[in-house]
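Could you have a look at this structure, given as structure tokens, before my questions?
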Amino acid sequence: MTFRQHLHRQLDPEAWPGRGLSPLNWAVFCLIWLSIVFGVAATEPSVAGWLGGRLLLIDHLLLAVFAVEYAGRLWVCGLNPKFRGARGFFRYLVTPASIADLVVILPLLLPTPSTWMLIFRLLRILRLLRLAAMPHIHAAMREFYEALAAKRFELIFTLFLGVILILLSSTTLYLVERQIQPEIFGSIPKAMWWSVVTFTTVGYGDAVPVSTLGKFCAGLYAVLGLGLVAMLTGVFASALSHAAELHDKNKSVD
Amino acid sequence: MTFRQHLHRQLDPEAWPGRGLSPLNWAVFCLIWLSIVFGVAATEPSVAGWLGGRLLLIDHLLLAVFAVEYAGRLWVCGLNPKFRGARGFFRYLVTPASIADLVVILPLLLPTPSTWMLIFRLLRILRLLRLAAMPHIHAAMREFYEALAAKRFELIFTLFLGVILILLSSTTLYLVERQIQPEIFGSIPKAMWWSVVTFTTVGYGDAVPVSTLGKFCAGLYAVLGLGLVAMLTGVFASALSHAAELHDKNKSVD
Amino acid sequence: MTFRQHLHRQLDPEAWPGRGLSPLNWAVFCLIWLSIVFGVAATEPSVAGWLGGRLLLIDHLLLAVFAVEYAGRLWVCGLNPKFRGARGFFRYLVTPASIADLVVILPLLLPTPSTWMLIFRLLRILRLLRLAAMPHIHAAMREFYEALAAKRFELIFTLFLGVILILLSSTTLYLVERQIQPEIFGSIPKAMWWSVVTFTTVGYGDAVPVSTLGKFCAGLYAVLGLGLVAMLTGVFASALSHAAELHDKNKSVD
Amino acid sequence: MTFRQHLHRQLDPEAWPGRGLSPLNWAVFCLIWLSIVFGVAATEPSVAGWLGGRLLLIDHLLLAVFAVEYAGRLWVCGLNPKFRGARGFFRYLVTPASIADLVVILPLLLPTPSTWMLIFRLLRILRLLRLAAMPHIHAAMREFYEALAAKRFELIFTLFLGVILILLSSTTLYLVERQIQPEIFGSIPKAMWWSVVTFTTVGYGDAVPVSTLGKFCAGLYAVLGLGLVAMLTGVFASALSHAAELHDKNKSVD
């Protein structure tokens, strides 16, 4: 077995004979997380100050490793029957996972100003898409997708009700409170901030009606909003139950 | 095929041979959304100032288009067997969708003061009722309706528990905190604002007990309220699951 | 048919031949709601001031009507086979609904100071217990009861996890923030207010950690709390689904 | 029957012939709760001041009782066939419940400074683990475990979506609001506090976007977050429904 074949086994999830991810892919997976944590932490001024010049060094090191890995993947992809030959190579180049790999190392190819560097550091999250190739995660995603697809019109209708409730509630509060709190309810788009914060039951408290009529309307809408949240949750729950049942039935038929 | 027949095909969802909405109805649908977005944005002083006189122009343009569309619908409705003849025409005039169409163009027929204009701009949302005529959305609405109708007494009972919890909790907090925070808990209707905000788990934070006893009671009620929200969600979820099962059973019998 | 028999038909839900509540019971039901709304509104100083002496008048009028109704119920209860004879009469006197009826008119029998009057006004809510005798509401209550009884150990376990999470989180935040915010996290019972407000996802915002470590721990606990809420809702949803299925199976066997 | 055998019956849940817990175990269970409540209340300065020297006395009393109980459990454990002989005794010593019992009485064996004492007082909660040995609670735990294990990939995927949403939303708000509110959105880790508080729908209100763009993005993320919460709840509900169904099927096969 040549080195290229060994590398292909390690890098291509479909070629790995064992269960789960190969050791090399696990290492890459951990490195991606580490690089994301690093990218997040580096925005903290105290951490950035402490790192100083090492920040750029670590950045380039990570980019170099990812570039080597990308080159490795391009080298071995031809061993997968799906990507054999020159046309297969181009097909591989435009797979979502491969594009994500390329995007991540772009700052190495082009000089990048520091503000854009931040975006690139966080784009590394796209590389986690490879996880979707793991059979178990893939099955879970399929299940979610099928459940949601089967209930898509119920979801659209719930979303539609939500949009109507937001329009109605923000208009009501705009009419009632626009003169009392012009900063918060002075226009319908402004009042929509209150609507969204209330209907998602987040309730920051920066936008709250103060008049008795406003509170009465807000209370009514909050209860309606709760009903909508319960409806949305119910749709998800019944969709997932339904998908699980169909799955069981199909299995028992086999 | 005459122009009237072509128009009928485009305007009447039941006459459209393809799936979904006809191109003309899609255009109308988008125009309604646009007009709503326009109505919402126009309440923002900066947008209204920038638009100036054009605001009225756009308004009248939209009204004119809707009027032409309304006239078109009246002209072709007779081609639908359900609305044939003079009596059919009057039956069409009083369908909810047709009334909504008329209400929306009322400001064109009557001179309307500017504050009322706002209401009329937002009434255009009523026209989205036509969406309910789309077979898939209609089926989703039927499913929700049947699920909720089958569990209506469970929902009434949950609502009843909710009302009792709100009455009990607002009375408790009124008794405990009325002297400490007369502005917030000075009467039971005032304390109800706190109750509704807590039981819907919105929690703005503008009404919060400050005494130890008040916090203890509020904590207990918050936990009870969470149980009630879980119960409401459970009723919705089980109702929708049940409706989906019945639907499957009926299908497999056919 | 004597007047007593007519009255019995109207007052005793079991004797009413039609569906739902009899007209007289509907009237009583509405009067109870009205008296509760009145009791709630009367705590508002502006309403109380406007009513003035009429407040006491309305109170005594309501009490008189309830007293007459109570007397009527006692007079006709003997016509129900369950409460026949002297022993049946005493059995009727101690039914929960009858005790609630008596408690409500107590202020008429005893002179009551004004602060207690408030409590009595709100105790009228107990009279709504009669609603539970309506067959459909009774069936819904039974369904809830059976569902919760079947899953009682799951609910106890969830509650137990909730108590442990509240204890752990309040201890953690007490250890981290007691010196920074002694007013809010100065003792575990004080920190529990934060815990309950966070785990029920109410989040008033009057108790919030300010240190980085405190925020990190609070964030972790908030996510765990959300999982607990999802678990609680899931238990309710699956309990109600299960009860509905058993109900269907029993029906199809009959 | 010797005293040792009587004690074994009372202390070992598996040896108790009746249903539920034996009287002695109930007493121990209540004592543990009391000691936890005591440990919580003692952090309140007013309670600690009122207790004064008695605080230490009660502490040592509780420790003594727990030590006696621990000794008793060691003495009788050999009567359980699972822990017979010297090797059985060591196997008993390292059971989680036995380790928890020992940890709780450690302060008696070692002199403990007062700040650590607090931790030990709250570690008593570990002793409640014994509850898991009760058959009904054990069955409920098993049901939860099986339901979650069967849906573990769905849960991992939901968690993964949650992490990505938190990363995306905190980066967005950091980019939009870092110059306006450097204290709150000045770095991605700081903005994560806002993300977690929003996605769990807690919404304290101490971190809120103020710019129009920030509010628009925050509103979108809040809606997405609500969808994620609904998805998580749906996974729990469908997992528990599924576990209950399998349980019923197995029962009907037997």
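To keep things simple, chains are lettered A, B, C and D as they appear, and every chain counts its residues starting from 1.
Going forward, a residue touches a chain if its C-beta (ideal position, glycine included) is under 8 Å from a C-beta of that chain, and two chains touch if they have at least 3 such contacts.
Everything numeric here is computed off the predicted structure, so don't read it as measured data.
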Pair of chains joined by more contacts [C-beta pairs], A-C or B-C: B-C
Interface composition of copies subunit A and subunit D: same or different, split at half: different
Subunit B and subunit C: spacing of chain centres that average the CA atoms, whole Å: 30
Centre distance in Å when subunit A and subunit C are each reduced to the mean of their C-alpha atoms: 42
Residue numbers of subunit D (touch at least two other chains): 192, 201-205, 229, 233-235, 237-238, 241
Subunit D contact footprint on subunit B (complex, rising order): 201-205, 233-234, 237, 241
Residues of subunit C touching subunit B in the complex: 36, 39-41, 43-45, 122, 125, 128, 131, 136-137, 139-141, 143-144, 162, 192-193, 196-197, 200-206, 229, 232-233, 235-241, 243-244
Residue ranges of subunit D in contact with subunit A within the complex: 153-154, 156-157, 160, 164, 167-168, 170-171, 174, 186-190, 192, 198, 201-205, 208, 215, 219, 222-223, 225-227, 229-231, 233-235, 237-238, 241-242
